[in-house]
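Think of it as A, B, C and D in the order they're written, each chain with its own count starting at 1.
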Amino acid sequence: MTVVTPQEAPVADVPKSSGTRLVDRVFKMRELAILVVFLVMIGITQAGNSEFLSEQGIKDLLLNATILVLVATGQSLVVITRNVDLSVGSTLGISAFAAGTYLQGGGNPVVAIALAVLLGIGFGLLNGLLVSLGQVPALVVTLGTLYIIRGIDSIWVGSRQITAADLPGGFVDFGSGGISAVPYLALIALAVLVATAYYLKHFGSGRELYALGSNPEAARLAGIPVRKRILAAYTFCGALAGLAGAMYLARFGNVDSGTGNGYELTVVSAVVVGGVVFTGGSGSVYGAALGALLLTSINSVLPALGVSSVWVLAINGILLILAIAVDRIVALRVASALKKRNARHG
Amino acid sequence: MADISLSRAVRRSALKRWDSAVGALLIVVLLFSFGFVDGFGNALNLSFLIGNTLPIALIALPMTLLVVSGEIDLSVASTAGLSGAVMGALWNQGMAIETIIPICLLLGVVCGLINGLLVTKLGLPSLAVTIGTLAAYRGIAQIVLGSDAVTDFPTQYLDFAAGRIGDTFIPYAFLPFLVLLAIAVVALHATPFGRSLFAIGASEEAARFAGIRVKRQKLILFTLTGLMASLTGIFWALHYASARYDNATGLELSVVAAVLLGGIDFDGGKGTLGGAIAGVFLLGALQNVMSLQDVSAQSQIVVTGVLLVLSVLGPRVVRQISTARAGRRAASTPTS
Amino acid sequence: MTHPSTTGPAPVLALKDVSKSFGAVRALRDVSLELFPGEVHALAGENGAGKSTLIKTLAGVHRPDAGQVLLDGAPVTFHGPGDARDAGIAVIYQEPTLFPDLSIAENIYMGRQPRRALGRIDHKATHNATAALMKRLGVELDPDRPARGLSIADQQIVEIAKALSFDARVLIMDEPTAALTGSEVARLFGVVRTLREQGAAVLFISHRLEEIFEICRRVTTLRDGAWIASEPLEGMTEDDLVRRMVGRDLDELYPKQEVEPGEVALSVRRLTREGVFTDVSFDVRHGEIVGLAGLVGAGRTEVARAVFGIDRWDAGEVTVHGKALVNGAPSTAMAAGLALVPEDRRAQGLVMDMSIERNIGLTGLRTTVKAGLMDRGAERSRSLDWAVKLQVKYARIADTVNTLSGGNQQKVVLAKWLATGPKVLIVDEPTRGIDVGTKAEVHRLLSQLAADGVAVLMISSDLPEILGMADRVLVMHEGRLTAEIPRSDATEETVMAAATGRAAA
Amino acid sequence: GGGTTKKDVANEGGSAATAGKADPNAELKKGLTVGFLPKQVNNPYFTSADKGGEKALTELGSKYKEVGPSSATDTAGQVSYVNTLTQQQVDAMAVSAQDPGALCTALKQAMKNGIKVVTYDSDTTADCRNAFVSQASAEDLGRTEVQLLAKQIDYKGEIAILSAAQTATNQNTWIDFMKDELKKPEYKNMKLVKVAYGNDDAQQSFQQTQGLLQEYPNLKGIISPTTVGIKAAAQYLSGSKYKGKVKLTGLGTPNDMRKYVKNGTVEAFELWDPAKLGELAARTAVALASGQITGKEGETFKAGSMGEYTIGKDGVISLGKPTVFDAKNIDQFNF
């Protein structure tokens, strides 16, 4: 429950005008909606099962969300620029295996993580170059690289697998350990998230990502280096997918050629539920992170409530639609309020 | 003036070229395989090829229309699975198959309608909605049929879905597909309905201002997609003689990949059905050939990926070259 | 304050023998132009003459095929709009280029926000600077509201604010006033004069010739991509300028035909849309042109949208020939003989990626049909007919409309709706961005349509156009109809009085 | 009204599986090609099994090949691989069926073309193949897993099952036998509280385990009759406070489970040797192709060093009892 309130920049000393940061407030309202859905869900579950929010329960909840939060953060950046990266699942899988292979020989965990991130950066660059230089639809290109990377992964990995026994004990313990109820992995994810959000809001190049997603033609006319920014977004997304791969390895202690298969849909769901709009230009990484938290928590809530796993999939889908619908309704409300407040002569 | 139209024509044909290129590529692959791949050219193999590709082709029909109008339905495979599951469950109840099939088709219509209403009435993005219903419909299928696998459908139906006409390469089911294909081609490319889909896909707002009933058209499309998906689900269960809740899992990605390969632009407003269907059968044929040549499944995945990337890079390169050429020609044309 | 036009200081920015082609279309042919510090220079020409292309060449959007761009007398190559901006050139493009999801303040300062330590953006300073700009332009736009949903006029104002914020040496404006009414234009000119006095060079495009004469000192005329003349405006008349542009004498700009109004065609009763307009009632008769005037944001467009069914109304009634229209259904409005030429041609009027033929054909999907299938022959001849009638300048009817110049795009929108043979025609800013020659043509057309019995409701921010064309003028102020003025009484004063709410009628 | 219903079909009667005469003394042919078609290539379990098949085939002087889909739920892909093998005119194929019915048409087509079909690990309906090589009798597996867990928890307390997919035929049969075993009096203090499904996905199995423990705080033991499930459950338990307190057993491979046995998360689990399963499948295929057997009940054949096997009811050949792995013996195995 760490991923909740975006920090305000320390500008409290300056008095704010009446309409201060209205755009931000819209985002926050939408995040709030997801947060409310999430809290209600957790509340109900806790009422039905008092074990749910035990120390172990909270730790599990956070651990489950961690990897998805990371990948969703990277994905949001790409989606904000009106693109998409479907290859994240494949990238996650291959970098997890690379890190695992390195660690098998008893390597240094830090180097292993760096290796995973570097591999992610490599694939991110590939995607970014194809999309930005080729100026071709991201959906097709990254669906293509999804297949390519997955194919390469399974040719390379074959039927090998890395199991917890192959990894240094410290690495695996790190994956499940933490400070009381807060796992180390969640702390890393949180740090990445907060840094990314701060960057997006307070740095020129971060704002330019929103600008070029909002109107690419106008971005070009405004002299924004469109290709460079898109390339950077993809690279960052790849890097986080790689980092997530290393964390996956630490957490599950188990990687094979199937790792990360089908993950793209989960990531896209998290981002969409989190209110990052697919036509670009709007949404926040906090929203995406909340979306990820919400989605993974659904999978913990239902078993904890004793719902038969036969029902899980159906309920999952319906909740997903509900979350989007609630978000949409809130957004509409906000928009109409905005319109009334800002009518020029009203 | 003649010169102007010539160079414009070059540019236009470059834009349109990709779907013809896919068609040409398909023919090349077929010719090559007839000549050089053992076991490809015989009627049995070809009927296998067509039969196994049919589910993707069936769903690709409405999917193309949907994508042209700027929307997408990722729940198709789940709708197909749900229809199969309901078919199996009702069959187990002892209901007649002739009653079950219309019920399942109706169910598909309802599934599509739900997607359509969520998109048009609530204004939700179809990508998100159908990721949701992808899970929901599959989940309902699981609730309906549980762990059962129903296999004992009547032989005449199984034979129709899996058999072929005499010793030819044509599966029985291919004929109805051709009829549906013809209907879809006419609907998309020769009717006001199809024309309005292109307009909606290219600019929804402008289409609305032109008096096109955007929401209604989209609702119709989603409903049709649901119907076709359930038809595919029924076909699948009969073709493979197996109704399980997880039938056709992941088929949506195959459809999307094939349609993309056929040059349909996911931003909407562009593409031809011919291209989409060529894309579907190109992927099907390639997979068949590669399997016969003992190319491993993993390498086949890589080939699919490379094809997809080329499918978007290719036309772009062609376009650039041809505009450059047109530009050079124009520069050397003296104007009065 | 005055510089001789050919001697004295070097031009700050110049084009020398520049040519630019798009495929086979030669948009600019050996064009030269010199911009001096402290002058406001007009660029005149018909639609499609190459004005916007020239501007984009100066701004680094297009690279010239031949010829040079000279900055302070030295040849430069701009690799992109960023380079031109860094050289001190600010541009307002013909079509607003805003980021709909970002706030107005961010729109204005994107890429060059004031910074705090460590390169972080100073949001507060950005806000304040924007507020100051808005004050300078005399508009009340909240710097923090998103640009989405701004009317075309407001978007244009944001564009102007953006250009001003550069404190540029060269300010280039491509039809900045096309969507503005008198008072905003006056404000803008006030600001331009200040800039001129500070030594900036301004290049100004407008199809409103009186504006050119009001603010500019010299004019360069283009025709069909070719340079015709660069000369002082002093001593020239509007007719002279028009002759340069079109190569012949111009007909009457407002060829109003007197028609005896017939039956009531469109009747709007107590129409209300919560928070947008209230209790709007009026009639339009066959053969009549009714003008709808008002300040920017008065709600005229909203009324038109609601009548046509794009937006739903909350209360009231719209009838055509006594038959009530369905709320929120453009298709039934069309079936009843209504047509709406919307104000935003790019977003609402046209499908930019579609051909001219198909765009015009879009309103005929019900009529150019044989046995349920599209009758392509009929569609083509219908489109060709109207494209020719409205003198759309194009290479091939199958070209996409985004290759057309702004004015020609507007003509395609008109063609698309006139082709439906409407009984009631609502036109929202019908001549926005249309050159004088064509404007006269459009006016003649509207007049002819009225004479043929069509009921015309004309929304325009161009007051002379309203006064010249309308049989009756309705005036809106803050979402209410404040006056109905017959042609005989309609003057700038009476209309403006009602529009600003100073007088109730 | 009219129409075709399930009853009509039942009356049609099953189609007869054609079978020639077996010649127990027939020479084992050499130079045959046997295609292995696992549920999923790149799956370590199937790779071990198919390696066993390859070894046997090399020994027998025949050719081995492996084809298969890269996803365990891509039934259509598996069908097209059956077709591919048919087109390539292999002499026999060994198939682990993703779906009992879906492969039938294609497999019958193959048999019509003279190809012998052996299923292994996962069966199809009996008339779609010549023989099925079963990893162990379902009954043995089901009952021994309950016995293993019972010993670890002193025949007392709540237990749960973490299975693969709800449709997994194998798992379901085993679970039925587990339930039956639990009816015996010695288990009167044990209660099966839930069967959860992790869909053979590491993350889902992980979360299902979490859910079980939260829902049933008094849970004493978990049986996971799937290699993916037991591994995920073990990984979760070993990183949680339940490590050592909640017992875990089921089917796992020694390589997967070594770490958890050594760190005390898991006491004992069981499995057959997949390589042996593949080997038997290969030998059965060759015996079929050589005409030594036809797949009828009662026929016997010699499977090289593995000894003699008799074909049981419905053409099922059973590999034998599973091996139990614990801290003492686990290091002797490497698969």
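Quick note on the criterion: contacts are C-beta pairs under 8 Å (C-beta built on N, C-alpha and C of every residue); 3 or more make two chains touch, one makes a residue touch a chain.
Protein identities per chain, from UniProt: A = Autoinducer 2 import system permease protein LsrC; B = Autoinducer 2 import system permease protein LsrD; C = Sugar ABC transporter ATP-binding protein.
In this text, all values refer to a predicted model and were calculated from it rather than measured experimentally.
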Chain separated most widely from chain B, comparing mean CA positions: C
Whole-Å gap separating chain A and chain C, where each centre is the average of the chain's CA atoms: 43
For chain C paired with chain D, centre-to-centre distance based on mean C-alpha positions, whole Å: 73
Rounded Å distance between chain A and chain D, as computed from the means of their C-alpha atoms: 37
Two or more partner chains touched - positions in chain B: 142, 146, 250, 296-298, 301
Residues of chain D engaged with two or more neighbouring chains: 41-42, 70-71, 166
Listing of all chain pairs that touch each other, if any do: A-B, A-C, A-D, B-C, B-D
Of all residues in chain B, those that touch chain C in their complex: 1, 3-5, 7-8, 11-12, 186, 190-192, 195-196, 198-199, 202-203, 205-213, 269-270, 323, 326-327, 329-331, 333, 335
Residues on chain A engaged by chain C in the complex (per definition of touch): 9, 11, 14, 17, 19-23, 26, 201-204, 207-208, 210-211, 213-215, 217-225, 280-282, 335, 338-346
Chain A-touching residues of chain B, taken from the complex the two chains share: 74, 118, 122-125, 127-129, 131-140, 142-143, 146, 250, 253, 256-257, 260, 265-267, 296-309, 311-313, 316
Touching residues on chain D, where the partner in the complex is chain B: 1-10, 12, 41-42, 65, 67-71, 73-77, 79-81, 83-84, 86-89, 99-106, 109, 125, 165-169, 172
Residues of chain A defined as touching chain B within the complex: 130, 134-137, 139-141, 143-152, 154-155, 262, 265, 268-269, 272-273, 277-278, 310-318, 320-321, 324-325, 328-329, 332
